[in-house]
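What follows is a set of structures for review.
Shared chain: chain A. Partners: chain B in the first complex, chain C in the second.
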Partner chain A sequence: MAEPAYTVASDSETTGEEKSSAFPEIAIGVDIGTSQCSVAVWNGSQVELLKNTRNQKMMRSYVTFKEDIPSGGVSSQLLHEHDLLSGSTIFNMKRLIGRVDTDPVVHASKNLPFLVQTLDIGVRPFIAALVNNMWRSTTPEEVLAIFLVELRAMAEAQLKRPIRDVVLTVPVSFSRFQLTRIERACAMAGLHVLRLMPEPTAVALLYGQHQQQASPDNTDSGSEKIALIFNMGAGYCDVAVTATAGGVSQIKALAGCTIGGEDLLQNMMCHLLPGSQSLFKNHGVKEIKSMGLLRVATQDAIHRLSSQTNVQVDVDLGDGLKICKVIDREEFEEVNKSLFEKCESLIIQCLQDAKVEVEDVSDVIIVGGCSLIPKVKNVVTNIFKGKEPYKGMNPLEAAVCGAAVEGAVASGINDPFGNLDLLTIQATPHAIGIRANGNNFIPLIPRNSTMPARKDVVFTTTHDNQTEALIIVYEGEGKKAEENNMLGYFKISGIPRAAKGVPEINVCMDIDAANVLRVLAGVVMPGCRQPAIPVMEVRMPTVDDGHGWCTEALNRSYGGRLDLVTVEKKA
Partner chain B sequence: MLHKSASTMSNRKLCMTLSNFLRRTTLFPQNSTLNLSSPQIKLSSSPFEIQIPNFHKPTFYDNSLEFLRFSGERSWCSKSAEKLQSSGSRCWNCDAVPTASESAAPFLFCESCQCIQPVDYSIDYFQIFGLEKKYDIEDNNLEGKYKDWQKKLHPDLVHSKSQKERDFAAEQSARVIDAYRTLRTPLSRGIYMLKLDGVEVDEEQTISDPELLAEIMDIREEVEEATNSETLNHILSQMQEKMQTWSTAFADAFQSQKFEEAKTSIQRMTYYSRATPARDESMKPEKERLKPG
Partner chain C sequence: MNTLSLSSNISISKPVHCLPFSNKQHKPSHMKFVVVSCIATKVKSNEKNLYNILSLSPKSATMDDIKRSYRSMALQYHPDICHDPSMKEECTRMFVKVNAAYETLSNPMLRAEYDCELGLRSRMMSNVGVSEDEKWRRRWQEQVGGLKKRSLRRMGQKGGSWGNRMRTQNMKD
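Now for the complex of A and B:
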């Protein structure tokens, strides 16, 4: 889905045939987290995490803009606290990527110690770093690309070969539009995305490998094991139910939402300093500094609360603003009560979607940065009646390890011991459909359909002699069209003149195993055997920035003139 | 030739085959429209004639006009296992004949060169899973066989192979998913069995029997008014009973080739399955119970 303008290294592009002749390049696995990143690769016998020059496996996801040369958390020296507080460092890009300025997640990012400005008109937010007292605007894609360039250089230095193919993990809740932004950032960094894997499905693959290694001869699928994977990081919370047997993991259901450690942190900051949001509204240098100080102190307190029952917060925010408070674990849990409830309902929803009972689950896997928080662990294990979580996976490394395994499998690497004899059969995390029957969303491919998926539905015209129809493609779960993410639209013209309800407009959606979505539309008139006009096929998404505007503009210009309705059930 | 078989089906059916059309058309340049009057474009046999810069290019398959002929499936009967063996298919890649163990199963994958074969639409869903074409298949480890196939056919596993084989993988894998989905539940399995025998069940058909209509309305009302899990579970078990009754009726009718009776049973099952409370609703009380503390 990379746009040509950014396609780098096209001359070194190889077809599958050429590739198989040479030694196959192993795609690396990359986990770009909201707060931390890691890179892993299959080294021929197992997954190995790559370390940076400071010997770290986990690198903080940030980019500091200084003078002309931005530098990220991979290569630069230890982040000086001063940099984080000066407004020149951009982070949390994973939360901001592919979102417009009406998005509540963008609004919640306004008290980060750099500039996030919204005009609430459905365009991309104004994001800027303070460099020499001037706001230097940037985009999440750019920040991510700068960071990926550093990751790439690090990996190339260590593996002593050029890196091109990557498998990236992404949150379940990412829209297809957001996925294109990730792909664009990769293309800007000269990387080719072999696969974007929802984070818990990468963990599912790793779990499948564990099961395979535990009983390699057990290829018969009578020994199917169902696992629930709960992954909560700094930015997102994801759940998956997977059924594994003989190295094949079938993703039964996925659920995800935008809550994570960042929200816990924001709530705690508000709790420690009520009204902090309005206090820091004007983004002066002093306010940014206070904001940063409060952030660092609160983060530290939350980390310590994972092992201690109470902590002392003591921070001087400047301007006579001091916080000196003892916080205990109950208080932290109470402040974030609604977030933990949301996690719980997400798990229950995922189990329901997978049609799996609590008793059917063999293993409960809790991963991600937030899995270290006792309350998070409690929420999950309580649903499973106190069942001990799965051991044998590093909660911070599981996703990137899974991505590295997928990278090896997808690169066609064979392992003599059968360790790569694996497969993950993915499911669609969101329903996909079109707008019809007025302003309703008519899903064609429901959520949690096995991929590849394909479905067609017949629609018809709403006006006499309607010669054109607008196919607006949405993704999401909302009943009304505008409650969902718009992926794009196209017009079919040349519908033969006829009374309303006569032409049959067949819309077909197809998602292949690589998660590429295509939409086809054809028109058939009663009594005809040939489609009335050539079948139109469009790859989605088509929208770029400002897709929030599109719906309104389309409505204003066309009203209901190009509408469709589903075909009524005939008596 | 194309119109002969198409003339027997309704427009609606023609329209419904768009997805088949998608599956069976040739490799077209991206974003082009599909012109049905254009001559067929053959998939290149040489991998170097098609330059595929990345994996995300849409792929189409042989014979753009075949979708119009696809209605032929209506009259296809399930071939017997013996016939399958004697079909004399050879691997497109290495020209090997399926080995003895393979010939017991449909030839979707060549064991000698590890190569995925083009889809043979004359192999029905039951044959894919090595099953006899019968209604009662509940204990046959369908999911296991499904996964075994996916491990051989899934597009993810042939990334580094030729475009041609990747296309076969996409198509075969999708078909195995369809097969699994269809055979997994009794209702869709029954509809498919009738379809194999040339009997179409119109799932959208409205209820004309006033007695049945009243019954369905009653059930819906009961479901809506049900306030606790007990009532819902009661309705649920009643529905399951009815489903079972009609399921048995279907099996009997089908066995004795009484297709009209079989069709009626399937329609009944459709109505009851639609009237059955959604799982979300039936799970609500469960959710309450699950809440800790």
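Now for the complex of A and C:
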């Protein structure tokens, strides 16, 4: 048996106590994209992108399972695009990680040329690669870990030092549960996550550095520059509004959704071959091959449509199935109309959340793989009345460069020229609260709150002599508790017997600068300053897979017996 | 160790001249957490004045002044700037306060409300020189303002976040 490609380090809380070097280790910045991936590091004076042995800065995000040893897109020499699509290669792990099999994104992934099986009961999907005509099961975490091991080896070879600390960029729409899965994958690869940065905030940091370099002595000036960052890659679409001055970037609002190049591609595949989903349902070897061929041809057509107004698609899918069609740009835009509209509404929502008018925005930054699509650029610039997008950044490298800058800043590196005198004041992308007042979601920390954040709310019992209460923590924007992502739950017991509404149950949520969420709960009886029972402090999320099940099970077992309601504050 | 944390607490509080520490400096026997709670009590008496937290003059501070001061305070107290792990908690606490002050003062509506509360200006005066556009904005924000004010007052009464008090208390026991 071959050595496993990764080592399972105990995840989280593995502190870097064995640091012997007098110099602090500079954390590397990693941008794991749905389709492409890159690594960058602060080299002492500027950000440098690392290249693999094939001299690539951008590496495809995939892992091929062949024989015993899996190999990823960093090291392997890809013979032909079609090899990638023969069933043995897993990709799009960023779209699959931390999702359950009822998630529409998982369902959309069933068209990929490897096995994604769902039972639609709220557990993790079954994912497998075809190796020697056998389905070998894997998980998105495992695939990501194998990939990260390769990235780490590449970085270590180039920087000639061991790599441990990383700053990773993540989509805005990732739930806290998904973030833990990313951390888990990093731990499997022996990496310690210093910070997970929402992608547009990494771009905001880079923008802050640009502004600082352009006019280094405006620290004292009150005038800030507002920028809108639109980032659309293969898997996700993110928006941020940032206010920057004197090296301080304050994230005013964040918005994100699961829309990306992958959706454009799938819509086009459906357009070229109506009913393609049902055609490939069985995942036979032949079907996978056809699916792969169609995918490559469509992807190629979309790429060419960025520079041409029409393209000829000519592909033989085998079994007498041939596609011969001319597609023009308008057709492509029409097919994906609803996706572009969603992007537009995301930007508008972000501007509203930030309480910023279109006229206040000094720079519009469009980054990510999809920024090359003319329609995407149009959608953004139209909102800003035709304003030319910001030119100072490479749209494909901005996020990873921002992550590398954050890596240097967070590692405590000083730059004699002040290039690292930067600070990003982050905001929470989702509201966090608990279930109370029946089945309602009561947010304690609203969306777009500045981090670190601390908020507390007083709740009380719903029954006389209620001695226990259940705190169920959710994240999201839904009014009803179950419309949100459950992060975890715990029970407070030992509430002194009293009439309903008398005990004060204090729930406090605390998000530190590293985005760690802690929920504290305690009971105070009126007239006492001392808590009635020891305060509970719980780090969230605590749930593992199948969180939907937990809610149902809790409801079944306890009904409303352990419920809470909010208390009208006495002013 | 105790004296170290004590002195660094004081140095960090210097720019906020609303925190008179003079009488607290000579208690070296106290644990760090006791010092922390002392700060909380001291701030409490001044909590009402958000201008002090941002080192601003209530009468003359312009929006630019508020933003500038917020940024310089952020550069001082944001936990990302602070690389001393023992100071992180205190920095976080200060930054949360600075941020709350900024959120009120950088919003013209909330600031006007707050100024009324301080008795700096009358409600009538606060409307002088405000455009129509600003007026409707104020109206719809009135509701939010009320809520905010209540929570601020509650904070003022209790002296910082409940979680902090509980944590401090637990650690003392």
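Simple rule for what comes next: the second predicted complex is superposed on the first by the 543 of 571 C-alpha atoms of A that agree within 3 Å, B and C clash if a C-alpha of one lies under 4 Å from a C-alpha of the other, contacts with A are read in each partner's own complex, and residues count from 1 in each chain.
Heads up, the rule we're going with is that contacts are C-beta pairs under 8 Å (C-beta built on N, C-alpha and C of every residue); 3 or more make two chains touch, one makes a residue touch a chain.
Quantities reported herein were computed from a predicted structural model and do not represent experimental measurements.
Undergrad: For the combined arrangement obtained by superposing on chain A, do chain B and chain C clash, or do they fit?
TA: Result for chain B and chain C: clash.
Undergrad: Looking at A:N439 after the superposition, I want to know if it touches chain B, chain C, both of them or none. Which is it: first, second, both, neither?
TA: neither
Undergrad: Where does A:I348 make contact in the superposed view: on chain B (first), on chain C (second), on both, or on neither?
TA: Only chain B is touched by A:I348; chain C is not.
Undergrad: I'd like to know which partner A:T118 touches here: chain B for first, chain C for second, both or neither.
TA: In the superposition, A:T118 touches no partner, neither chain B nor chain C.
Undergrad: Quick check for you: in the superposed arrangement, does A:V538 touch first (chain B), second (chain C), both or neither?
TA: Touch status of A:V538: first partner only.
Undergrad: Looking at the overlay, what does A:P452 touch: chain B (first), chain C (second), both, or neither?
TA: Touch status of A:P452: both partners.
Undergrad: So, does A:Q158 touch the first partner chain B, the second partner chain C, both, or neither?
TA: Neither partner.
Undergrad: See if chain A has more residues touched by chain B or by chain C, and give me that chain.
TA: B
Undergrad: Touch check for A:C528: first (chain B), second (chain C), both, or neither?
TA: In the superposed model, A:C528 contacts chain B only, not chain C.
Undergrad: Find the residues of chain A that appear in the contact set with chain B and again in the contact set with chain C.
TA: 219-222, 224, 245-248, 250, 409-410, 412, 423-425, 450, 452-456, 506, 508, 510, 512-513, 520, 522, 530-531, 534-535, 537, 569, 571
Undergrad: Under the stated contact criterion, what part of chain B meets chain A in this complex?
TA: 2-3, 6-7, 11-12, 14-16, 18-19, 21-23, 30-36, 47-48, 51-56, 58-59, 68, 141, 143-145, 147-148, 150-151, 154-163, 166, 169-170, 173-174, 177, 181, 204-206, 279-280, 283, 287, 290-293
Undergrad: Which residues of chain A touch chain B once you look at their complex with the stated criterion?
TA: Going by the criterion above, the answer is residues 1-2, 10, 13, 15-17, 19-20, 24, 192, 194-195, 219-222, 224, 243, 245-248, 250, 344-345, 348, 352, 355, 358, 378-379, 382-383, 409-412, 421, 423-425, 450, 452-456, 458, 504, 506, 508, 510, 512-514, 516, 518, 520, 522, 524-531, 534-539, 569-571.
Undergrad: Using the touch definition up top, name the residues of chain C that touch chain A in the complex.
TA: Within the complex, chain C contacts chain A at residues 62-65, 67-68, 71-72, 74-75, 78-81, 83, 88, 92, 95-96, 99, 103, 150-151, 153-154, 161-164, 166-167, 169-170.
Undergrad: Chain C touches which residues of chain A in the complex?
TA: Touching chain C from chain A are residues 219-224, 245-248, 250, 409-410, 412, 423-425, 450, 452-456, 506, 508, 510, 512-513, 520, 522, 530-531, 534-535, 537, 569, 571.
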